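Per-chain residue numbering starts at 1, and chain names A, B, C, D, E and F are given in the order in which the chains are listed.
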Amino acid sequence: MPKPPLELIKRALEEDGADYDITTLSTVPERQQAQARIIARRAGVVAGLAVAAETFRLLDERIAINMLVEDGATVQPEQVLAELSGPARSILSAERVALNFLGHLSGIATSTARCVRAIKGTQARILDTRKTTPGLRSLEKEAVRLGGGQNHRYGLSDGVLIKDNHIKAAGGIVQAVTAARHAAQHLLKIEIECETLAEVRQAIKAEADVVLLDNMDIATMREAVALARHEAPRMLLEASGSIGTDPERLATVAATGVDFISLGALTHSAPNFDISLEFA
Amino acid sequence: MPKPPLELIKRALEEDGADYDITTLSTVPERQQAQARIIARRAGVVAGLAVAAETFRLLDERIAINMLVEDGATVQPEQVLAELSGPARSILSAERVALNFLGHLSGIATSTARCVRAIKGTQARILDTRKTTPGLRSLEKEAVRLGGGQNHRYGLSDGVLIKDNHIKAAGGIVQAVTAARHAAQHLLKIEIECETLAEVRQAIKAEADVVLLDNMDIATMREAVALARHEAPRMLLEASGSIGTDPERLATVAATGVDFISLGALTHSAPNFDISLEFA
Amino acid sequence: MPKPPLELIKRALEEDGADYDITTLSTVPERQQAQARIIARRAGVVAGLAVAAETFRLLDERIAINMLVEDGATVQPEQVLAELSGPARSILSAERVALNFLGHLSGIATSTARCVRAIKGTQARILDTRKTTPGLRSLEKEAVRLGGGQNHRYGLSDGVLIKDNHIKAAGGIVQAVTAARHAAQHLLKIEIECETLAEVRQAIKAEADVVLLDNMDIATMREAVALARHEAPRMLLEASGSIGTDPERLATVAATGVDFISLGALTHSAPNFDISLEFA
Amino acid sequence: MPKPPLELIKRALEEDGADYDITTLSTVPERQQAQARIIARRAGVVAGLAVAAETFRLLDERIAINMLVEDGATVQPEQVLAELSGPARSILSAERVALNFLGHLSGIATSTARCVRAIKGTQARILDTRKTTPGLRSLEKEAVRLGGGQNHRYGLSDGVLIKDNHIKAAGGIVQAVTAARHAAQHLLKIEIECETLAEVRQAIKAEADVVLLDNMDIATMREAVALARHEAPRMLLEASGSIGTDPERLATVAATGVDFISLGALTHSAPNFDISLEFA
Amino acid sequence: MPKPPLELIKRALEEDGADYDITTLSTVPERQQAQARIIARRAGVVAGLAVAAETFRLLDERIAINMLVEDGATVQPEQVLAELSGPARSILSAERVALNFLGHLSGIATSTARCVRAIKGTQARILDTRKTTPGLRSLEKEAVRLGGGQNHRYGLSDGVLIKDNHIKAAGGIVQAVTAARHAAQHLLKIEIECETLAEVRQAIKAEADVVLLDNMDIATMREAVALARHEAPRMLLEASGSIGTDPERLATVAATGVDFISLGALTHSAPNFDISLEFA
Amino acid sequence: MPKPPLELIKRALEEDGADYDITTLSTVPERQQAQARIIARRAGVVAGLAVAAETFRLLDERIAINMLVEDGATVQPEQVLAELSGPARSILSAERVALNFLGHLSGIATSTARCVRAIKGTQARILDTRKTTPGLRSLEKEAVRLGGGQNHRYGLSDGVLIKDNHIKAAGGIVQAVTAARHAAQHLLKIEIECETLAEVRQAIKAEADVVLLDNMDIATMREAVALARHEAPRMLLEASGSIGTDPERLATVAATGVDFISLGALTHSAPNFDISLEFA
């Protein structure tokens, strides 16, 4: 698990003005101690607890945190996730930033878990995309893993995914795959986007390692899978293109036999997961 | 309008590995020029165009951008928002980060505009909250304004909002308001959260400037408004607490006569707005 | 109290070359331990002790610091403020930066305390301004509070103060106040600068929350106060404009009945407060 | 001349909230252009003009600045230092930070120039010290040069100055000078602090390159100079220790024949120099 | 080609004190213009020219640079690489940092080119490793490419290379490969280090994509190649382990039939390439 | 000893992707503990141990490190330098960065020690130069000291070294020395580069403190030394200019009687020192 991103947390506390919380400074006595609990308001998968804990610690290292569950846990409504104790002022001043992380990341993990459940029993796996919130990619991709999903490439420099504009520029699918294989680091597989069966045939000919089946209807996708399994049994197949998070739709796509389904909505449209902090 | 946040854009390009886009470097010739268009796929309010433009410029200052609409514009499906021309490689390498900003911020502006429309004709105004994505508060609050909403305080250091834990710590509503008024900068009004009519009465007695009516049912809220208008005609009233973005619900809340409705969902649960980039 | 600004302290140690102090490295043995005392050389109010302590700790966490007074304490000449013990080299290498913070901030707190004393018994309070040293605003405003003063707005984004150029641009006092009230966050009061009684009358008409009486002679200021108290009893009044720190002048201004006197000299012209470090 | 410190200027604009100046945004139309002049209110030596110009440019590169004098110029009351033209909003939003730099640095240059004038005609030169405002050393030392003073070492890593605690730790003056000469870079001279004639004799014996005469009364200082000139004609002599900026006192110290007088007050207690910005 | 790393160049100029070059400021007149040439003193492959150009520009944007060759060019002794013109002071102050980049990176490119030449005509390619200078990986890996080498993975997060300690921890080669394939992003191949033929057999069984033949003698390496080509024709083979840059040794290793030879010495022990700057 | 440069270490860990080491995360169990030893593979002088220790600690503060030798120690092949214990994952993920520092810095210290040994028994001392790796100057200069060498000036702002272009610009050696002495801080000596005896004579006349004998053949160098010793006995003499690290050549140069020999190769061409980490 990557370590909590201290710089990002510091910036978040700073943008919230957390070290000069006028309301708290004027109404809560300096030495008052408090006990507090972080509580899930819905059922789902929790992510961001380690980040939230670090948020409290960064604001005031005297805050003690007792985790009752770990990131990745499936929780029930009203379940207590962690207990805090320490200076009341500091707990109040860090609360919002900590909950903002928790709500956002648990929203992603929960949404991912639903998608994973929808295709349970098939060979397919749920992938994220690069459609993440600027500055939060590392955390959001971790939340996807915590929800049971798998990560696609992290960014442009650590994976090859050839899209339509690249194909046009290179002069065709075979030329593009060959050029990429020559230039890329030898540990990288070559993935290429195809919209038609003709393109899938070209990709097979080019010996692409992975084919992304983009915006295909279910019938075409099924044919593409059959074709690839027959001609290139080691080739991996990924379905993509506005598939969304509807469980039935996901099940149908998985049933075509693809290896992966990648979903931008996991990270860019997951609703917040409701978590709150209560003083004892 | 605040200037685009260069550091955040740089970090976003960096986390995407945009300056070493293997796929593009290996398939697109170095000197190839391209024309591209940024296109809305849905109807809504656009936000983030200036940030997107800066993203392209930061990656490669040779990219020329012609804005066809400005941030805040209401757009139709398939409407072209901007035209780009410049080195094909650079446009492709910056595309995802630019669209991530655009989709996220336009999602917020569009969601805000819907809420604003829902209460049109009432005296009430839609407010955001501090429930924003860590690191993006400034942009998200700007998106709310572009959608026709109004900002609540930016953070803890530039506004006073006394909540239940503060009241307990201070020993009561009157004590809390008095303490805050004494400590806060003289240009700040004092807002306090009330859950019952008894508490509203206390807030009136304490001469609070603004009262947040928290989690009240509609009947109670209506009584609270009547009470306040009678006893403290200059007092401002804000409804809050899991109100959500359902238009009918919003209209009902606005009809109670409150001055403001604040909504966490504007910023923490707005679905992405679908925008794409197409090569000519 | 905001936390000591670690980045600023690090930069200060870095600009002083404190981690490669040639003189100390060549003349003081590595393992030599030392006891030292921080001593005030004048009477005044101390500020910056927490920052100084953090400076020593940042250079070498083995330095132990025993505070004998807290920030905000009134001290006498030759009073010992804190005792240090630890590696002699580190104490010597951090000394200058720590004392630079202490001398500068205690100078501001002491100067503020003198101004506050000068108007004791009146209703008026001493305010700072935005005329602070670049990069040190947070610390300097804290020093003002420690000296018994009150802070004006922190910066341009968290308070409204309409000045002559704004009034001209908006087309008049009433227009400017109305525009600001519409655009500003609902927790902010609206302050406007007036130089004449006619302008004060306009401000009252515009229902400004606070009026800054700028560069008025005492007679006019007295009239302005009378006018405002009569017409707009809830309006706050602030005197400003090259008032300086002379106690008699301050008493005269306070006697006009204004609520606040704001003074740039508190932060931009306070002489250094003499503090030194002595080895035992 | 060092280049303006962009990071510091950015931080100063940021701490002032200059990119979200509510007052200006709500009262000044977006496209309004303005002409403005920066005017000295007193006689003195100007420093910080290049920094101020960079401040305006950093906030908005469309602001054009026409310098009428350069940093280091001696100016008269009401003299116009520079003319600005550009977007009215941006000029107003950057004004305070630009003036804060100008007032602080011109205060130092002006104070330095007075001290230099006080000892004109003697062989002595005015030096600054490391008693500078944290984060501003580079600018403050430049202001000293602009005022006609000379810089002492920049920090601990680029010069050797052996003080009493170092001498004690090393076991004596001769031992300390020898140790420092051995450890320091071969381009550095060795300076040592002496409080008595006996110590000066030791320093001569140790072949120190420079002796700092610390807190000596005038008679002793005169004897120390005579002694050193006789025994070690190439040795440089520096007077220091709470000398202050009184012209007569400075003249008396210079008359002893020392080569340098170093003054902490140049940088830590110079009053602000009054400069303002006026719209045309 | 990645863009020159501005932050690194700034830090390098800063650590060299380039914006306060006492010698130049005191001996070269402010307005003096100069012409200068950057000249190779040896034969080799040039890298770092774009970085050097950026270094001059960052110090002073008035310096004009005319590149006579591009990064990657093979040059002869005394060949002029670029011409500069601009303020003499700025050229002198930036010279050392620019040459430090050029000498270091051209040293790597030149050393790489020698290794590539040594195995010309074989199927093998020269790879770098992660044994790079801290903070310079991106530039050093680019220099390797400019010298005709190919990059191995950039870092730990964008490639899988299972070493002996991983194998032990996982419980065997098959277990390790399986675990990695499950956890890693689907675009990554799995590479594993083998020291014996028995281990190579295990790797084949585990269907590893790439095998690193570590510290094998030539005879064993030849057998390993034969084995792999027979049993797993798509498997890639990489020789590694203190091979060094001796051309004969490299030719012998390449002759075994491996696909890649990886060399730490390319980046950690390449001698500086002698380049100097001359004024016209 | 300067403290380990945390920012540089963090950047190095970041560029290595050390907090998301896919291989280790997928093959090594989270709770597995390990013992490891850092071992020198050659004889030499160790530098960078404190930095390496900090690297492990920064990645995971639970790693305990037991240093068996200190930086600067002379070690034998296969000597154990330090023992580590802690989470196996963290040790593996930090290993490469730690060893990259150790190998690079120990290479410099070892190379320096060889040069120092070559001139043992003479009066001369070995100096480094500004020809360092960008971003690593502080560490590389420390490594030179650990190897027994002495540092030349750190950068352009803390020492004066007048070269040929400065002399031309100033109009001659005497003019250049005089200008520099006037402008430089009074604690700095003035060094000037001379290529001929005539120039050395000018430098003596100008009373330069140090003369750099640049690219002189041995006979001329000997004459220059004789001349300087006779005419200016306090003047320091430094030999420089592509001298290299050959022991015989160094001994010959030292035998001319110069005080210093400065060598760019110490820092820009020292081969890596082979150090590895082994699990117990």
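The rule we apply is simple: a contact is a pair of C-beta atoms (placed from the backbone, for glycine too) under 8 Å apart; a residue touches a chain by one contact, two chains touch by 3 or more.
No experiment lies behind these values; they were computed from the predicted model shown.
The interface at D-F recurs elsewhere; of C-D, B-C or A-B, the pair that shares more than half of its residue-numbered contact pairs is B-C. Set against one another, B-C and C-D show the most C-beta pairs in contact at C-D. Look at where the CA atoms of chain B average out and do the same for chain D: the two points lie 46 Å apart. Rounded to whole angstrom units, the spacing between the C-alpha centres of chain E and chain F is 23.
With centres set at the average Cα position, the gap from chain B to chain F is 53 Å. If each chain is reduced to the centroid of its CA atoms, chain A and chain E end up 33 Å from each other. For chain A, the set of residues that touch two or more other chains comprises 19-20, 138, 154, 157-161, 185, 188.
Against chain B, in their complex, chain C makes its touches with residues 127, 150-154, 157-161, 185-189, 191, 209-210, 236, 238, 259-260.
On the side of chain F, the complex with chain E involves touching residues 8-9, 11-12, 15-29, 32, 34, 88, 92-93, 96-97, 99-101, 103-104, 107, 130-138, 154-163, 165-170, 176, 179-180, 182-185, 188, 264-265, 268-269, 271-272, 279.
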